[in-house]
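These are the structures, in structure tokens.
Next come two complexes built around subunit A: one with subunit B, the other with subunit C.
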Partner chain A sequence: MRTPRAIVTSFLILMFASLAGSAQEARLKSALDAETYAKVSKMTDSARAESLPVDPLIGVALEGAQRRAPGSRIAGAVRDYLAALRGARAALGSDAAPAEIVSGAGVLLSGVSSDALHRIRLAGTRRPLTVPLVVLADLIARGVPKDTAARAIEAAARANARDDDYSALRRYVEQDILAGASPAAAAMLRVRGITGGPPLE
Partner chain B sequence: MSDVDSEDLFERAGAALRGPSPGDERARAALVEAIRAESRRPRTAHRGAMSPWWIAVAAAAVAFAAGLGTGRAMDRRSPSPATSVASDSSQRHVEFVFVAPAARNVALVGDFNGWDATATPMRRSDGHATWSVSVPLAAGRHVYAFVVDGNDWVADPQAPLSPEQWFGQRNSVVVVGDRRS
Partner chain C sequence: MMDSDRDSSLRSDDSMSIYSSITFRLAAVTLTLATSLGAQQSWSPFIGVGSISSAGRTNVAAGASAFVVEPGALVESSRGSVLARWSSPVTATTVDLTDADLAGRLRLLSSRRLETSFFASATYDHSAFNTMATASSSARLQIGTLSPARGFQWAAGVDGWRSNVTGNGVVVPATSISGWIRRFGLSFTAELSARGLPGSTSVKGDTIGHGWILDSASLARTADQLRRDTLHGPVFPFEPGDPIYGTKRVHDDHTFGDAVLRVSGMLMSLGIDGQAGTGVATGGRVRSYGSVILTRWISPGFALTGGVVVQPPQPGAVGGRTGALLGIRLAPGPHLFPHFVNAPKVGAASCSVLMSEGGATIEVRAPAASHVELSGDFTRWTPASLERGKGDRWTLTTRLSPGVHRFVVRVDGGSWLPVPGLPQSVDAYEGTVSVIVVP
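Let's turn to the complex of A and B:
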């Protein structure tokens, strides 16, 4: 009989998730001053009500507390992150996985437009976008212009690239940049290995 | 720069960090930046140590390969012996490795441990300059950093950088694959 077992398993998972969430909330309360905690709690409640990922918001607040950032800065970071999460879900669609939404938020925070993010979603419908979006944000952080990086990832998604293709792209672009290549040229050259040009190797 | 040169740089930087003149903050900051810059070099300086990024991909590949008979995502290196897949289906063990020969202690901080520098100390390998720790992570995207000697937050030189700089410094990102995917 699978049903009772499934019910027990679901119950245990829910119980574990609830306990973990409570622990996070308790940790947050002890790490922040009362005013900041109230502001952050309001935003995490909003995220929860909108079925957006909550843990990343709590994570940012805890990081700020550990880095001894002022409360206003912590609350500002959580506010900006919440806005980015909303934007990412709007661009990626309501069926996007939480990890895709979080990665998409990072891409928006890197300066990529929501239109460009939406185009990547349309180009890559067959595979999860978490790794491609993490790689996109990394390329931008390493100096690839955001439009060039977004086009490269969109082209790779259209070519049905796998996670390890994106990982290789990131690694090769990083090596090229360290060797003195222009970040834009490195990204455009290396993505050809995925989209049908010469192989990456 | 060879591995020996690289080690020498780490040694000198670390020795200075431990040195008796902590008042010279500018010199200290310059040395920390030197470590970061050196850390951004290709992985030859890391003697084949796998980053969590690759370990997570490799772990996903282990599960994937079990069904399809391919290990393509494992890159060209063998996975670390310490890498393992957790027994419960919702989490995977991911090994974090960091090279810091002169550090007195290194801790792992991230969204998975509340960024608590006391929660996940890393273990120094006997006779080696590497620090490592294995932690169970749920599937998804995680952000993390290393804390060297209790003060200096350093991104993982082998991993993708996080786009967010909420508090003035980038962290690193690891993606843990869902075992069901």
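Let's turn to the complex of A and C:
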């Protein structure tokens, strides 16, 4: 049986969460025109109903407003992100943590296929995939071909790499690229430090 | 007497050759040193088609001959910046345009609102196409405001240049005043500048107010100079002695007044770099010039770029140049390497995050910055000012919930960019953002 203190605490948490959500909604409403706000609200409602993370969608809309993107572009970006969130959860499994879904969506938006994402999930079942997927998106942003980057992360996940290993992989690849190495060669070579095997072909 | 003149001209050519190539060599040495010391560096190859017209002739380059490599290094500290850069086509047959730039800005004294600085630059511009190789340099003492979004700068110093065509060497006093304002990620600058008139008696072949005719001996010296200055075995547009310019008048007016309006920066994922100017030269000549280069980022590292350029004649050159380019540009991020260091503000050099209970302290190192802002999902994408710490360190302590957080940083009202040192990710608007993962 719940004590009165626990009930009050729960009530306060719910109240603050509601206020924070209201503040976010108000900020969204003031940043967007009415038509765009209506479209974005519809999509955030859908995400909420599907138990997908909503904050990143609002963030995408606010980011677009900050960049002075037209309303149609903002609505399109939110739509793409919502699709990526759905795709990430489908690829990572219904038990994926919100942070994994968000980082998986980033990977899908970078051009990696949902099949490749699913293979990474299967390869790394023993550890959370948030950091590996963030590093995967980083490698692609630095010019590593997406298939090469996905196979590198998959190989590292199969080798049961830790978050520190992925962070080191990102750092070394960044250094190699700055030193003049091709992004693909840097990724293929550096992942050997984790897998201990021959370089990826 | 004639022998004496010939010896004199040979000595002049030799010294000119040294003068012309010294900028290139200095840029190469600075680039090598900076790279070995771990300075920020950039390769930004351009592949496409380009045309250049000068003195009634047009050259169109495409494919391999239009593959241009632009390596550069930027060294930054709280005391100033040094930029070394060169641009060269990768081809074994022609060197239509090769230029090297070396520029440095040293902060001298600064208060809360004003900064004095010293700026020096040298440029070597070599074009085999229109038989021009010009080395120019400038040195300025400057005083400017340190406002983040707008300001002005006054500069006074000297300009110097030499030309392979006329053999002139000139040093003149120069001054400029400029004002800028930053809006929507773009920097708008208006500048008025003036140069003193060169002394006509002390400069060989440099007569104010009228042209002079190149003779065959001048052509031979020019061809010889080109042969020695060219890097990759040039194809000469003429043989020594060929009187291709024998009947051409070479105008060598010296600009003494310029008014220029520039706009540069990133608008969404579109890079804009444009200028329009008018110069008034000796003899009452008015020359208008301008350029527009647009770069549309398709993805990080890949962009479409195109534009047109109308250049007035460089001092000592045969004529002005008109060019156009269209192609792709490959670069490590959605921003081009800074080609200009004479601005009181520079971007972030590095970033680190110190996680603590329920939050994080984000530290950005931004040498010479006067205002640093951060915008991300944890600020509801509203700009938040960072607090100035020791030296070039700026910090923001904030609460971060577990998960993936994205943000960008803006220095002195410039473009919103990801910071070096943290993972990056493509955002929904074809830009790149920095990423923090909170376990």
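Methods note: the second predicted complex is superposed on the first by the 181 of 201 C-alpha atoms of A that agree within 3 Å, B and C clash if a C-alpha of one lies under 4 Å from a C-alpha of the other, contacts with A are read in each partner's own complex, and residues count from 1 in each chain.
The rule is short, and it goes like this: a contact is a pair of C-beta atoms (placed from the backbone, for glycine too) under 8 Å apart; a residue touches a chain by one contact, two chains touch by 3 or more.
Since we're looking at a predicted model, the values are computed, not measured.
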item: Subunit A as common anchor, with subunit B and subunit C clashing or fitting; value: clash
item: Touched partner set for A:27, first subunit B, second subunit C, both or neither; value: both
item: Subunit B versus subunit C as contact partner of A:59, first or second or both or neither; value: both
item: Partner chain(s) touched by A:131 [first = subunit B, second = subunit C, both, neither]; value: both
item: Touched partner set for A:143, first subunit B, second subunit C, both or neither; value: second
item: Subunit B versus subunit C as contact partner of A:106, first or second or both or neither; value: both
item: Subunit B versus subunit C as contact partner of A:164, first or second or both or neither; value: first
item: Touching partner for A:89 - first (subunit B), second (subunit C), both, neither; value: neither
item: Partner chain(s) touched by A:119 [first = subunit B, second = subunit C, both, neither]; value: neither
item: Which superposed partner A:39 touches (first subunit B, second subunit C, both, neither); value: neither
item: Superposed model, subunit C segment overlapping subunit B, candidates 62-70, 260-268 or 296-304; value: 260-268
item: Subunit A positions touched by subunit B in one structure and by subunit C in the second; value: 24, 27, 55-56, 59-60, 62-67, 69, 73, 77, 81, 98-99, 102-103, 106, 109-110, 130-131, 134-135, 137-138, 140-142, 163, 170, 178
item: Residues of subunit A touching subunit B in the complex; value: 13, 24, 27, 31, 55-56, 59-60, 62-67, 69, 73, 77, 81, 98-99, 102-103, 106-107, 109-110, 128, 130-131, 134-135, 137-138, 140-142, 162-164, 167, 170, 174-175, 178
item: In the complex with subunit A, residue positions of subunit B that touch it; value: 40-42, 53-54, 57, 60-61, 72-73, 75, 90, 109-111, 114-117, 139-141, 143, 153, 160-164, 166-167, 170-171, 173, 175, 177, 181
item: Subunit C residues touching subunit A - in the complex, by the definition given at the top; value: 41, 43, 184, 268, 300-301, 332, 375, 377, 380-383, 402-404, 406, 416, 423-429, 431-432, 435, 437, 439
item: Subunit A residues within the subunit C interface of the complex; value: 24, 27, 53, 55-56, 59-60, 62-69, 73, 77-78, 80-81, 98-99, 102-103, 106, 109-110, 130-131, 134-135, 137-138, 140-143, 163, 170, 177-178, 180
